[in-house]
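Just passing along the structure, written as structure tokens.
Chain lettering (A, B, C and D) follows the sequence in which the chains are written, and residue indices restart at 1 in each chain.
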């Protein structure tokens, strides 16, 4: 069994493009790593929920559980030389790019060892050396940045591409249409990935979009609708998209996905959708369960081996939280670093360029 | 000959909609008034050009000659209870709504009797009582306003509609896509009119738009492509559109038109397009000449009668300029009026709410 | 009756919607969801989808649409789910809210209210801790008010809706749950008036919004130490109520401004300038101003606290001023 | 060699593009058309379409794309055809130019330059006469400079491009045709330094951009009247060069600020605050500030003139200060 060919859950739907085949190549190793990586993400998000309830995490905290297949499938199709940029629901994307659990939990708790030194918080994870460009709090504003990354890639003739992720709510922001037009004019290697989890905060997609067929919203730009709960479909689509954009300029991928949690921690997530809807998705479309089933069906591992993996992950996550808790709070002087780049002999430029005039209580 | 049926120059092209018939009803009276009104606009713009060269007009001055059929055809299809909003190329739209030549020239020369008291200038003509909402200097920003007007119309159950005009360059502004989506969601009676004169300043349409088929750019919103040089086609399209939007929500009309002048007075208008292109349009598609030909073909008037009309217009325009020149410059205190609405016992609120502290030299 | 601040805002909205059928509300999740800070809760049910409008996430254009509707005579109240998002609508707010009355030579008025939560607090991070009053203050034609108590929140909301001018009403994320007994009768607060919070003789402390509470905390300490500060909530951020402010300065001859804006380009800078221009001769000491640090708001709680002015700094500043 | 100011800017761009292949230019009509004020004329021909990019009219997103490109190491120079249009890009400029370095804990720098014409002049009307320095000054992490001569225009352009920080370079519609002899050799101007225009003993006049010329006109009259003003072009609008400014204040003990911003929320207000905070003890008179009126810029020429500070007002203010 080296290479195995598996059908995606449903066919891809194309807009102005012939969709790729439903048959996806994979291996035992890959499927097991998908399982492990998605389960780790799931566990991480659920622990973040507990930490939030324990008031160790404050402010915004947008969880990704339910959507793991998008991050994982995408990574399987590209390399770290390709770029990813997303919005505030960014913990798992960061992890997918090779970020560590300790960095995640530290940042979430505002500690010094956080990936942004505790200054960014939940919405501001980045990993420059692995091509992760954040982590952005303003809905839609990351998409022009992403197109700019793709411009830089084209400029330096890198043959790499950028995946710019946004939600179904964000899909109605004007800057997306602007940036898409420019990217199409300039033939940029950018993939716009709409993670359609069907709600933008409390607003259902059809209440915010006259046309919720997001893969078609690029109009003159080709698009592909993908089952975002099927990690193999995501992988297939991202591979296809990467090749496409290097040759032909932008494409839109709409990932049909679902968030189990409420929008952020203050949203119970159940006033604008039914509990039945949520549990229905959990039962029928859960991305981790789908992979578990595949692994069991093809007898790549037995149920208890998978349980063991999950137990290991649990330990790994707990250990990371323990470490993160030990990380100290940022030094007071960090308030003033990184406002400006060093180079004037000062950390931060105040009214007086020679020196910071800040007195802390 | 009361009612006459004339074919439009070319058929309409529809996007997600069946286009209206090419046969347009008109009358001798209407055609003669079209001729007179368009000729008056043409003469007005050409005189503005001279006044600019004589330095009586300063700043921006965007002329509409070549595009007259759009303003006139639109007015023929609607009433003054319907609303119009446009960008900075607004002199003729104002005239079409019933504004006077004296108000136009006075505003252009910054005089007290200007339609905006000399404070707005070329880009800021308005006529509230006739449903003209300006006259706006920021490309594209008038379109959300226009959709808001349509919202107010729907809100007050007026059965009236709004025409929101913008250019081919403006068609790439994100706010259009945003406002169109909202208007479609709310079923607003708004007609987005793209006056495609094929250039946004020095940039040809295809260099700024990946898809210069502007009538299709609404994607899920229906559109109609119209020969904007044929006043009867414009009339037909606007009538059709008005009926459509009252029942079904927004539509886009793309008017294929042409500006003879450069973008503004500092642009000779000949570096990014050929003189042949310009003279070709003048010879083959000029909106006034088309109507002249119709009138002569159908023997509704003879050539010399039309010449007489043009002579009258010339006099009328010269007389308006004379009157405008007599209008005084604004009073110095006008600097402070209309910043805030009266009601605090002050004209303008300065740092001190009790009184304006402004000393003029 | 006793209400929380967000309920006071809602009462204001509701009363004005009852009073004037032209008043409508637009914003993200203001309808079915009831507003992310519950300011519009229940209003969609009561007034229907045409008067309480859920919008897509498209700040620039729904603000523009509000302005358009206002040009035609409606009185829209536009919510920025968080004030910071209105940076996307800056052009509409500046050019059309602020200047259209002028460029049209007075033909059009823009009776719109733009409101929403802002300020530093709850560790919301850089983008969600904006103090847009510093960005907006230069816009001619705009009025700006900041509420700080349930009483003035309701009164200012009602006055803002009735005003023919475009008004930005600043709310603060940390103040929505303040409780206060407010009158049962109809009342409004004058948009252009400052509020005397604590009369005193020795030094004038000018503040607004959440910093009012840091100031009052400091005032307690100061009183215990034998000082007698006068505390004024300026409320109107543009224009300033120089009448009330001036009277205080003429009495105390010492001024401390405490703001949450960053020091560069903040309200404090403009207020200080206005005081110097108008009351220089009455001053016995330099006008002092305590502002937030000139940094993006960090997430970590400790750093966030250090970003804004703390009561101890206010105490120290007053002691220095009164030396 | 002798150049006009717009040519000096172009030289700066060209030299930096020669020097560093990462430098590119984006904006409306900057390529084929050569820029509406000719600042980029000829560069598209020389460097090609990948380095000199004509964009659609989509300020918000092409600015965002410039920032994205900068995150990856390019050094984009983004032109606002008129600075006022960048109100549409305010969110990108504030949140991403200004704060991304911070929110990423220093991982990313944004070495972008944003430039274009602004200011009052040529009767361009309300929207095209913005002075965005007042709107932008509160943005943490942004540097702002204003050029006023061909010499400093070129030097600041080059320095801005080389800076790792995001820099906004303000040009003025009325100054593009100023002529001056500038060095043939490579030079840059320090971004954070003020420029001594006229040394003097009696009063410090702080100004920048076009107002520098109104001040110098006034200075002539003042000298004839026997005054000896020191004129400093502050150039760096954020941060202020308090070193040079301070030295002058310590010498003259009197300060007049002359700005083109509106008085509410202008650069002058912040500068005045900084001077009071730092040099109060050296002041013999209240710091005065002359600003534009708090009104949208009217079209009519006479009204436009009255909007901005005129030399006669400067003369009068100095006479009052030196009484």
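General remarks:
As a convention for this text, contacts are C-beta pairs under 8 Å (C-beta built on N, C-alpha and C of every residue); 3 or more make two chains touch, one makes a residue touch a chain.
The UniProt protein names, listed by chain, are A, B = Pyruvate dehydrogenase E1 component subunit alpha.
Values in this document were obtained by computation on a predicted structure and should not be read as measured data.
The interface with the greater count of contacting C-beta pairs, when A-D is set against A-C, is A-D. Among the other chains, the CA centroid farthest from that of subunit C is the one of B. Subunit A and subunit D, compared by their mean Cα positions, are separated by 40 Å. In this assembly, the C-alpha centroid of subunit A lies 46 Å from the C-alpha centroid of subunit B. Averaged Cα coordinates give subunit A a centre that lies 36 Å from the centre of subunit C.
Computed from the mean C-alpha positions, the centre of subunit C lies at a distance of 30 Å from the centre of subunit D. Along subunit B, residues 116, 118-120, 124, 137-138, 172-175, 178, 181, 185, 207-209, 339, 350-351 each make contact with two or more other chains. Contact of a single residue of subunit C with at least two other chains is seen at positions 56, 58, 60-61, 84, 87-88, 91, 95, 102-103, 125-127, 140-141, 238, 263-264, 270, 273, 277, 294-296, 298.
Listing the residues of subunit A that touch subunit C in their complex gives 58-60, 107, 110-111, 116, 118-124, 137-141, 169-170, 172-174, 200-203, 207-209, 266, 271-272, 329-330, 332, 334-336, 339, 348-351, 358-361. Of all the residues in subunit D, the ones that touch subunit C in their complex are 60, 84, 87-88, 90-91, 94-95, 98-99, 102-103, 125-127, 130, 134-135, 137-138, 140-141, 238, 261-266, 268-270, 272-273, 276-277, 280, 286-287, 289, 294-296, 298. Looking at the complex, you find that subunit D touches subunit B at residues 28-29, 32-33, 36, 54, 56-58, 60-61, 84-85, 87-88, 122-128, 263-264, 293-296, 298-303, 306-307, 310, 312-313. On the side of subunit B, the complex with subunit A involves touching residues 172-178, 181, 184-185, 207-211, 216-217, 219-221.
Remark: subunit B residues 83, 85, 114-120, 124, 126-128, 133-138, 141, 143-155, 174-175, 178-179, 181-182, 185-186, 337-341, 343-344, 349-354, 357 touch subunit C in the complex.
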